[in-house]
Every structure is written in C-alpha cells, then in structure tokens.
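Here come two complexes built around chain A, the first alongside chain B, the second alongside chain C.
Let's turn to the complex of A and B:
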C-alpha cells in the first residue's frame, strides 16, 4: 500500500456517503408486493411456471431411467396423484407458452420489402409453430406407442 | 473485460431465450400425452410399455431430441427462478454463489441427462 492511501482525502465529506457506513442498497419492497395488483401477481405466476415445468422434466428423466430396469420390473408412472400433478403442470405450461410466444411480437422486429412485419403476424406464426410441433409430437408419441 | 462480459451475456441470453422457446413449444404436448392421456388410458403412449419405450429410446435422434427437451429449458428455468427470488426479496440470489447454484444446477441436469440417455438404452438404428 502506498503512503498516499493513508493520507485523508482533502475532499472527504463532499461525496455523498463518504465517511459513513457503506451505502449498500437495501431492499425496501414489502414482502407481499406481488399480491397487491393482478398484474404483479400474474408476473410472479409467469416466473414461477419454471418450477413445475422443471419438476415434470425431471420426472421424464426418471421415466427414461426406468427403461433400464428391464421388462419385468418396468412400470410407468400412472397413479391418480401423478395425473393430478400433470394437470397442474399443464396449466402452468400453457401459461408459459402463451406468455412467452406472445412476447415474440414485442421482441422480434422483421422487415419484408421495406415494410415492418406486423407484430400480430409474428405472434400468429409463433402460435402456428406451437400447434404444428404439438401435432407432430403427439402423433409420434401415440403412433410408436401402439 | 467488457467484451468478455458482453460475450457471457450473449451466451446467457441465448440459453435463456432458447430454453424459453423449447419449453413453450414442446413441453405442453408431452405433459398432456405422457402425463394425462397416457396414464388415463385414453390413447396408447410410447412410454406405457417397456418394448415400445425401449425401441424409441435407442434411436439416436430421439436421444438428441430428449437431451434438448430436458436440458435446454433448465437454463431458462435457472434464470427465471433466480430473478424471482430477487424480486421476492432475496438479494443473495443476485450473488455469485447463487449464480453458481442455479446455472451450475442447469449444467448438472444437462450432464445427468446425457449420462442417462447414453447408459439406459444402447444406441440402435433399427
């Protein structure tokens, strides 16, 4: 350390916060801020969708791992509790899909022959992609299950 | 340093956005078919029987698809859940340890998924 660092600054006290305790940013929002407005609540629900979706994907990983148990011991999940869990996850999944694909209209900006493509068309294309992908995946899951 | 930070942000945001798209486009139909209609017996589904499940799991394209389906959304989930905690008043979720836990968790899920897919059913082209 140089000796200069030990010499008090001639400007001490002029800068805001200098000479006081550290001015770390403190959280000031009340814990229940997200329950005070429908928009805030839906925002938190949207972010929360990640948790049930993650749990369901981990279940799918377990289902894949179970295929290694052999034909005699293999038993897929099928309890009523699992179906109820999946119904709840599906509601969260649909909410994530709806909100995320709708965002595309705000995020993606395209031009076609010097004219901006309308946001509604971009959103529509995202939902069309979702519908086609869902149809193809449903077909594969059912067709190869026969 | 700034360029390195910008590159990291690019990678974070790319993983976040791709994870969001994959979760939005692919997950609902899997939950509907494999989580509800299959277990209820409404439709035959590939994972309800050992033979059909093992047959598709051996396909390398299916393995690649399942890796993308399971692993990539976790980078999206990690980001969303970390910032949800920040918004709910847990400032520690902004710190480096929290980042290591959340994004490291996504990396861990990716590695476990690769391991499960490679060790559960051998690759077959039949």
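Let's turn to the complex of A and C:
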C-alpha cells in the first residue's frame, strides 16, 4: 500500500538538528515566509507602506524648515520625480489608512446604553472622522495658503 | 469501478537517525466521503506503517490534540475532510513554529509555559466561603468573555503567527486570548497579577496584527481581537487616573 517515496518537505521551515541531547529539530522561519500566503503578503505590504510614508514626512519637515527662512527665498521641491514619488506615497498612505481604519472595529469596543456598538458602525465612524479631518486640513491649507 | 485512492504525504523524522524531516508518501483507500485527515493517519498507523507518530485524542474538535499543517495550513486533522483536497495529494506536517520531536509530534513546552504564565484561572483577592453562595453573573457579563473561553489550546494560532515564528519570546495569541477571558470575567480579580506578562514588550506589544491567528482558529475565537483590545485597555490604564485603573 505504501509507495515508500521519500521527498523533501515543501512546507517546512529551514532548521537544524539539535543533536542527540535534546533530540529535537528546531524550527527556523524561512526568509520567504511572507510569499507563502496571500494574507501574509498583504500584511507585509501594509507594514511596508509606512516606510516611504515616513521618508515623505521627513522631506515635509525639511520643506517646513526651509519655509521658515521666509517666503522670498522659498521654492518648494517640484521635480517630476518628486511628484511621482508623492503620488505613490499618497496611494500607500490611502492603503495604510484604509487597512488601519478597517481594523478599528476589531480594536475598539464600546457600549451604548448597555449594548455593544456594532463593529461596522465603529469602522464607519472612523472613516467619517477621517473625511472630516481631511476636509478641515484641506480648508486650512487652501484658505491660509492663498 | 476501481477503488478510489488518496495520497497522503506525511512528515517523518526520527531524531536518532535523521538529520532533518522528510516526507513519506502513502497511498490509501479513500472509501468514505466523510473521511478526515486524521482517519487517513489512523489507517496508515493501523494498516501500513505502525511507526508513524502523531497526537490525537477525541476526534471531534474538542481536545485540540490533532493540530497539524495540512497542505501548508494549520488545521485540526479531525476537522479536515479528505474530499476537500482529493484528488490532490494531502501533505500533512507538524505545526509550524515549534520544535519537532518525532514525525508529526511537536514540542509544546513553550506554549505550556506561556499558558501557565498568564494564570488561566479565576483569581480572587479574598475567597468567598462556600456557604456564601455562588458567584452570580448576568448574561451580559458572560457575553463579555464567552468567545475567549472557547479556546481549546490547539496551538493552530501559534503555527499561523509569523511574529511567533520569528520571535518565540512572544506570548502569542492563545495565551493572550485566555488572559483576556479571565480579565473580562466579573468574578476574577487577577488583572494586576497578569499585567506584567501581558503588557510586557514580549506580550501584546510584540503583535503587529497579522490577524492570521483568528483566521485559522477552529473554534471561532478571535485572538487578534483579544490582543488589540488588551493593547487599548493597557494604554487606557496607563493614561487614566489611578483610581479608575482597576
């Protein structure tokens, strides 16, 4: 009945025998673990989006510092490459914000008149707050930037 | 019509002979649509190769003993139907992220140590004598912790968690879910005893919310939710005045 075929294990991690003392094979996470599942991959993408976002924000700090020298000598960085980078960062920021706010229903637990507030309502409120905050910031930037 | 067959590829590892695990292939009869992976392993053990080692007990999704990787996904093998994989081969391996003792048997000492560290029992500052009556709870109070009490310690969530795979100092999903189960219990007064473990850097703060623990849980427990809510609660506890922290 048994085919007795011996083949390398495709799913096991990389590990090492620990010798005869402990008689165990120690698990070691393979470097490509995040490619083995769609959910792992999306998780790593979600985490990675924070990196270019942080770089862009660092650049924003530099711009603010330069703006502090006075409007006469200030010219914001506007090369095509920077615009492309900014658009990509915007997409990353939207993805990161979307995933973060979607998870709010899991994280926040509220009760209203002795009943738990539905997770969907919490998520909706987070997106509404996001929209309001974006609107207020856009108004401030446009109004005071004229 | 020829008898239907299914190919099971099971991890074999003899610590006295093997340097590393390998897969061994078995072709067995797939005679019944209700056969689960555990049935296949039991068939192999009874009729093909009695040396195959694995854990199991209840065969009904309660004991949590038969958790293994089935085609790369952590599953209770008593709840993984062969019909969902047939005609492809079914690859059965020990749970990821744990040291391997033999064949499909993992070393669960680390989990047992973590489980004990969160004191998964009701702690009272002062016990009420038996004559004082029972600890009464309302339905709402039970609903607060009920889902976290469904955990059967099968460790599938640990096998699915890449954070634990990369750093096994992490307290992990099931232990945190059970800590939350007791912390939310109106009869329990042990929060301050559990806080040093769950609020530690290797406690809930090590989790970066992959969420896979909740996906693979066979009992519908949501350990990711327990961890994130514990993060929020410990933060609020830090921010709020002392008097409101208990």
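Definition applied: the second predicted complex is superposed on the first by the 114 of 146 C-alpha atoms of A that agree within 3 Å, B and C clash if a C-alpha of one lies under 4 Å from a C-alpha of the other, contacts with A are read in each partner's own complex, and residues count from 1 in each chain.
Going forward, a contact is a pair of C-beta atoms (placed from the backbone, for glycine too) under 8 Å apart; a residue touches a chain by one contact, two chains touch by 3 or more.
Quantities reported herein were computed from a predicted structural model and do not represent experimental measurements.
Within the superposed three-chain model, A:47 lies in touch with chain B and with chain C [touch as defined at top].
With both structures placed on the common chain, the touch criterion links A:128 to neither chain B nor chain C.
Comparing chain C and chain B on the residues of chain A they touch gives the larger count to B. Contacts of A:114 after superposition: chain C is touched, whereas chain B is not reached.
With both structures placed on the common chain, the touch criterion links A:106 to chain C but leaves chain B unconnected.
Looking at the shared chain after the overlay, A:34 reaches both chain B and chain C.
Legend: residue contacts after superposition of the two complexes on their common chain; A:23 is shown touching chain C, with no touch to chain B.
On chain A, the surface patch touched by chain B in one complex and by chain C in the other comprises residues 25, 27, 29, 34, 47. Chain A meets chain B in the complex at residues 25, 27, 29, 31, 34, 44, 47-51, 53-54, 56-61, 63-65, 67-68, 70-71, 74, 76-79, 82-83, 85-87, 89-90, 93-94, 96-97, 100-101, 129-130, 133-134, 137-138, 140-142, 144-146. Here chain A touches chain C in the complex through residues 1-13, 15-18, 20, 22-27, 29, 33-34, 36-37, 39-40, 43, 47, 103, 106-109, 114, going by the rule given at the top. Against chain A, the residues of chain C that register as touching in their complex are 7, 9, 11-13, 15-16, 18-28, 44, 47-49, 69, 71-72, 91, 93, 96-101, 107, 140, 162, 165-166, 208-212, 215, 222, 224-225, 228-229, 231-232.
Note for the complex: chain B touches chain A at residues 20-21, 23-36, 38-40, 43-57, 66, 69-70, 73-74, 76-77, 80-81, 83-84, 87-89, 91, 109, 112-113, 116-117, 119-121.
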